[in-house]
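Next, two complexes with subunit A in common: one pairs it with subunit B, the other with subunit C.
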Partner chain A sequence: MPPLNRCLPALRRIRLANATFERSIARQTPRLPALPAYALLPQRRWQHAATASASQETSNEDEAGQPTPSKQIKYTSDSYPDLKRDSRFKQLDEADVKHFKEILGSSGSLIDGVTQDAQDDLEGYNADWMRKYRGQARLVLKPTTKEQVSGIMKYCNEKMIAVNPQGGNTGLVGGSVPVFDEVVINLGKMNKIRSFDEVSGVLVADAGVILEEADSYLAERGYIFPLDLGAKGTCQLGGNVATNAGGLRFLRYGSLHGNVLGVEAVLPDGRIFNDLFTLPKNNTGFDLKQLFIGAEGTIGIITGISVHCPQRSPAVNVAYFGLDSYEKTQQAFREAKKKLGEILSAFEMMDGAAQKLYAKANGAKLPLEGEYPFYCLVETSGSNGEHDEAKLNDFLEHVMGEEIVADGVVAQDETQVQSLWACREGISESSQHFGGVYKYDLSIPLPELYDLVPATRQRMEDEGLLDAEDDAKPVMDVVGYGHMGDQNLHLNVVMRRYDKKVEAALEPWVYEWVRERQGSISAEHGLGLAKRNYVGYSRDEEMIKLMRQIKQLYDPNGIMNPYKYVSGG
Partner chain B sequence: MSKLRILVPVKRVIDYAVKPRVNKAQTAVEKNNVKHSMNPFDELSIEEAVRLREAKKPVEDILAFSAGPAKCQDTLRTAMAMGCDRALHVVEEKQELEPLGVAKLLQKVVEDEKRNLVILGKQSIDDDANQTGQMLAGLLNWPQATQASKVEIDESDNVTVTREVDGGVETLRAKLPMIITTDLRLNEPRYASLPNIMKAKKKPLEKKSLKDYGLDVENRLKTVKVQEPPPRQGGGKVEDVDGMIAKLKELGAL
Partner chain C sequence: MPPLNRCLPALRRIRLANATFERSIARQTPRLPALPAYALLPQRRWQHAATASASQETSNEDEAGQPTPSKQIKYTSDSYPDLKRDSRFKQLDEADVKHFKEILGSSGSLIDGVTQDAQDDLEGYNADWMRKYRGQARLVLKPTTKEQVSGIMKYCNEKMIAVNPQGGNTGLVGGSVPVFDEVVINLGKMNKIRSFDEVSGVLVADAGVILEEADSYLAERGYIFPLDLGAKGTCQLGGNVATNAGGLRFLRYGSLHGNVLGVEAVLPDGRIFNDLFTLPKNNTGFDLKQLFIGAEGTIGIITGISVHCPQRSPAVNVAYFGLDSYEKTQQAFREAKKKLGEILSAFEMMDGAAQKLYAKANGAKLPLEGEYPFYCLVETSGSNGEHDEAKLNDFLEHVMGEEIVADGVVAQDETQVQSLWACREGISESSQHFGGVYKYDLSIPLPELYDLVPATRQRMEDEGLLDAEDDAKPVMDVVGYGHMGDQNLHLNVVMRRYDKKVEAALEPWVYEWVRERQGSISAEHGLGLAKRNYVGYSRDEEMIKLMRQIKQLYDPNGIMNPYKYVSGG
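Moving on, here comes the complex of A and B:
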């Protein structure tokens, strides 16, 4: 059987949860008990998905069933007062609900907040997981077939009802939740794997299949899904493709634009876009499916995909380093490419603050004894364990000998592989553990990649917004980490609470900083609502005009995921 | 206080995170092309031995020991990377040793190497026998403390071991020499650091065979059949509260 790589994260979570639980009891720090009990559990979101893996809509319902936090999330319409509901869109009435019920029949399901009170049930579909955005949808539809989706869209297009397609709702830019009263079309019930070819490695699946489930399915057959990311236990394939997610395997397997061979989608007028091609080559005209990859549900709803999946590597090694400077980190990356060549499958960078934050939020111990300003995680995967080990040893000896890395550890077993990955994957959750987070996901040329983090910290200090200890200041810390191999930095401003002053100090300052360096203001998270007004920092006017023409062509009524993406000013 | 000469036996087992599969012939667990690592309880033994040294106890040396195929040397290198000083490998390619065979072998090693403290994992996660430490104590006629969650050694060679028992803890005291087996709460094993992995390559690893010890370790047990546990029955879903009540009645729960 193939080694399970990272497809058994449940164990790690149990360990982490146990450790946190025990620690939180052992030493009652003044801050922790103030938080609601569920906040102590690290990665609680994934945990839900892991425990409720029987079917994916349970994971969604779990979200709805989570203990309601003491502080309500502000409505998006309140936090963005410049956004006005488009009056062209129809307000839902009883007749609409009746019609949708007919379309869905007995197989699909719907949460009706139009004719009755369903506030609690709707909450999980209205609120995003960062607790930053909250829509006011009163109707959630969960179709089970593309025909149902088609029927829904046709009706919505005729009646001018705005819709918000939704997958696992793990997006980071507010693209997956409604802004006003758009109808949520949740793909969670379309969760079947349609076919898998064991020779070519082509997987055809419904859009609502959870990424981790797809990957486990493939693992049993010796294959791997070419995408992996922290939210894998909840996010869905359709959403991954719609947002062109990048993630941890990008360095090795490349973008979804290359791996996705076919897309099946429903257009806003109900037509079915059927391009579920399963062969790698197809040079016959415009490659229209590419438009849906990364369109964030603005020109159609993806209902199925075909993906080319690579062979799973049986031998996986993970090393974790401490380094003295960012220059050394770059050197280590260069050496990794040189010495590890084709077996290098991930090169992740974390700064010291990010690792301290992870340790603090999870009550975890870091793998290295000393403290370093930078940490790297290097993963190799290949087909021959001994061959890989020889290469890795050569690399390790070299970087230690040349004093490129100051200290490091190598995972000796699968459990350690998972704990080391947790140090990287757990940062995102940890950064919002203390109240909130402003996240920026940026492409920046490698030599300057990290400069933004100290610059941001300086700016927060200059504005008097940051203090590590003083609870009166909204910002607790500024941390940087990311996919070094992909020149992709995640800048997280760790908040005690959301504060408009911080946002004003960050935006558009961060975007200007990135534009000056010819970077991208959104490397893999997309635009959604958060970045709709900032596209111009990465694309010129002509490009944006062309994008809007495409939107106009596919969705003339503008009912698909409105107010977001390229609709901004 | 006498110098501590510690023996830490380690076993190479299927990785803790890998789900074992029974082979087609139902005679054993499939071991080919499966990731192997050090038995997690043995990691605790090494960690405890190394911590004794770090706590400035007079540790003369820590010897890691393993018996089995050539691959065990990887495990021994890991043990040395974690802090053992040297390693002894009894190469045995064909036969899988049983707890009694291992205990007899360890008895010889203890005598040969003049050990006065043996720290073992309480059990290996593949056989779950939980016997080797106890058998070794019997063969040597030494005191034993199994399933240790805390170990203290004082100036006059008194070893105080706290062990977890149902509903509480039990504290035992005995004088060296002694056998201790480790349990999960004893410590948190360290990662093998890069410099230590490098150093471990240069540490001595001695190879011997069963013959060198003139031992008869013939297996006494025969595995009749190995079977997977019956698959867990999936749960069912009900539409609403009425459906649930009906289901519970059907099952006789109401």
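Moving on, here comes the complex of A and C:
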């Protein structure tokens, strides 16, 4: 860029870019609903899973490379032949179903595939949205009270019936669907907001309340849920807490370990863990609820939560930049922290490949005219629009003037805010649009965070597995994006079809790479089934032993969400 | 106040008040050092404990009402005759001391009261600063590495030697000093900052680093420790984490459960709990470090921590108000949240009695000319001074104009900031200036939070225990103050001398009062020895049972900080 640019007011260039973007939006079919686009992705996700596209079908090959029947995802037990059903677990019979029916009474409901054929009804509870995992549950229970959950658990514990707690089933690691015939306990019918205090901002809600519904409820009252993520339209608060979900507001509001004030859960033996405290401070003994935050349903079923919700910021601004290098992206982040201070609410990074993929999968036009190797999305949220604009302008003047960013747009209205966020939030779905995706969710120190992406691409090329054009190669692309402000990279290996050779080349190689940099192999997605054998890459033996002690203490029969989490070798 | 006042610009009145305050400060002996006054309180605290005043001495009566020898605080075992030394614990002998000397080598050190007389040297480790608790340890160990701590614990576990982990010994519930002859393991010599990342703001430090030193280190680098409290000049990071300290920045930065990223600890059997992670997100299994946050040294000794530190706000403003009622104080809080939004960093409440007590104990003049039943201190911290001032002025105009506050001052410089904070932070020490104090640290829902103070006063009066002037009565005053923004009340019963009749009238009455309002009997001070028998007022039986299971799991021999925490009846 010519030095002349330093004299050009940054804002004039920004406005120019906006005008271009507005025209480009106008040309597109209006595909954005009134709600933020990313809020609706999960629903679309599930449609994808239920009505498989041709490319997805062919991606489901059995061991011999034969496509499995249409609409059916391969059973997890077939994909992971090393997994064997634990023979200690009881096989369900008619008496069990009868007993559960009695517990549920008229308020709850169940899907009975034990005494009748309910294959189709069960499918949505057995299969995950990525079409990677498929269990063989024959019974889904939908309790409406914690007492019902307690009755179910007590019975299961006595009879050695394995269970799979399930929220919105939007997980990415196979933790939310059964592996074999575990009973699915779905929390979807426990979906009431129990109370909200408009002075303290404390929300008490059933575990099955959908995140987006909680957030809308709070929005009407001037508050915000301290967590936001792409699956918000489907995922449930209980599942969010059980998986310690991170997401888009983490940079500003921090971890659920800080925001969740109370947890109500049913223990494997039916006892109720009653810690639904609603005040910010409570130093009365061990903070045991913390164990349930991120336990992924392995020591109990969360039935209710209380959470401290911050005030909603009336002013929200979103800017989207193109940058010439990862080094410049880091610089932009440092400047955003400095210049935007307490109003910075998101700093997201997307690489050029991720943005091209998004545009290709959605037939969308990107906000900037030029192409850049890196993009970032910066969001501010504050209480005073004028002040925030002044801070943002100061930031923009600086990063444009110093040529830290090459080009940028600032959203001028809510529709543009949604369009810009869609460029970031649409990547996940776009990644699996063409046949499948291997997803990695990693914590890596900022300076090295992006290095993994070119390294992975190189590895795929070296192994002869990647080609952008050649359909004979299983890998189409390798893209990187993520919550840069949280040092959290999402690495997606975009597949034409799932291929065990690719998986073998990626794992444990990716985990080894992360371990060398003292990162985490699971930043926010959890362990589930996918990473059960890789915990050792982020935790030492002693820690894993201590974790298994906790599991043993709370669930001595091992009936809770078996085969997953820290159960691996 | 006349309606005319609505037309009077709030700021003119505020400036007037400031001028008065400035004159009043000028008249006083300059008693405020360059550092914030409250930062230096703990040192003064300890001086108090070491050089007991006449009134404090007479407050130490033995069972027969005889004053104990000068400079000596009553033994805890005498104050609590129901406590018996656990006979399973080994009595130290010469061989033990020799072994510990070998472990500590030349880098660590010990105070040996086993093979020689070291009574005076041991006193500061046996007695707490409130002069309420006094143990009988004959050995203090000061290791310098986690390996030394590990060696010590392994030996103690094998030999059944009870230990008392100790940080800065600034606790308020008798948790930081031994009860009988437990070996004190003092972390003071593990006092190095291990690393700091200037981009992410992550600090890794030894447990024995003093909070104020950590904060000063961070201040030089543009960051702030997410915790601040009166004892900052003496308390240590390890102790802060072990007690899940709350303090003055909680409203803004939240709980240590959210800010602490990693914990390194030595388990009772000498194993090292190695979870000193430095990135914000890690969902690789149970978040076990959370158990150590607030465990009060009962399941392990924290030797190192990593913590996410926010950026330091360059602009800090402090205002101090007089208000006519608690209802108006609540209104002021709601307005502060609304008008100050993301820059509100503290909202502290002090009642009139608390402020008078502070003035009396310190010979200080209060910032406002008039007397009010309530006062509050509001602090803002932000990245842009002009914006913050505009927000603050908007808030001031509103609360003055609407007569929510009756009068107020705004600090014009750092000295005034310190003076205003001293009015809040000085209450704790002032409360025990006249002979002693019964302190309660409670979480109570905001609307009822203050009700406990007049109720307690009434009870003291009804029992004939309180008189402001009559020295024959043990209770001089009942004052209430606290972190109103966190729904955290500090109730102090100001004593002329300790009196078991007062204690009997207060406990469990206070705890019953709090239980009825679903509050917590320990908001931020912890359980220690003081509340070991009262956990049941805030936790149900099932929860306490689960807590004891954790204790049993980690410390089957029960050697860690015995007689305290959840060990009570």
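Here, the second predicted complex is superposed on the first by the 499 of 569 C-alpha atoms of A that agree within 3 Å, B and C clash if a C-alpha of one lies under 4 Å from a C-alpha of the other, contacts with A are read in each partner's own complex, and residues count from 1 in each chain.
We adopt the following convention: a contact is a pair of C-beta atoms (placed from the backbone, for glycine too) under 8 Å apart; a residue touches a chain by one contact, two chains touch by 3 or more.
Not measured: the values here are computed from a predicted model.
Asker: Have a look and say if subunit B or subunit C is in touch with more residues of subunit A.
Answerer: Partner with more touched residues of subunit A: C.
Asker: For A:K365, decide between first (touching subunit B), second (touching subunit C), both and neither.
Answerer: In the superposed model, A:K365 contacts subunit B only, not subunit C.
Asker: Is A:S255 touching the first partner subunit B, the second partner subunit C, both, or neither of them?
Answerer: second
Asker: For A:N282 in the superposed arrangement: first (subunit B), second (subunit C), both or neither?
Answerer: Second partner only, subunit C.
Asker: Figure out whether A:Q418 sits in contact with subunit B (first) or subunit C (second), or with both, or with neither.
Answerer: first
Asker: If you stack the two complexes on chain A, which partner ends up touching A:R194: first (subunit B), second (subunit C), both, or neither?
Answerer: Neither partner.
Asker: In the superposed arrangement, does A:M400 touch subunit B (first), subunit C (second), both or neither?
Answerer: Only subunit B; A:M400 stays clear of subunit C.
Asker: According to the stated criteria, A:I272 is in contact with first (subunit B), second (subunit C), both, or neither; which is it?
Answerer: Only subunit C; A:I272 stays clear of subunit B.
Asker: Looking at the overlay, what does A:K90 touch: subunit B (first), subunit C (second), both, or neither?
Answerer: Neither subunit B nor subunit C is touched by A:K90.
Asker: Looking at A:V410, would you say it contacts subunit B, subunit C, both, or neither? Reply first, second, both or neither.
Answerer: first
Asker: Quick one: which bits of subunit B touch subunit A in the complex? Just the residue numbers, please.
Answerer: The touching residues are 15-19, 21, 30, 33-35, 37-38, 40, 78, 81, 188, 191-195, 197-198, 234-235, 237.
Asker: Applying the document's contact rule, which stretches of subunit A touch subunit B when the two form their complex?
Answerer: Result: residues 1, 3-4, 8, 11, 54-55, 314, 319-321, 365, 367-369, 396-397, 400, 405, 407-418 of subunit A touch subunit B.
Asker: Over in the complex, which subunit C residues touch subunit A? Could you list them?
Answerer: My answer: residues 197, 199-200, 243-244, 246, 250, 254-255, 257-259, 271-275, 277-288, 290-291, 293-295, 311, 313, 330, 333-334, 337-343, 381-384, 387, 390-391, 443-447, 483, 486-488, 518-527, 531, 535, 538-540, 542-544, 546-547, 549-551, 553, 565-566.
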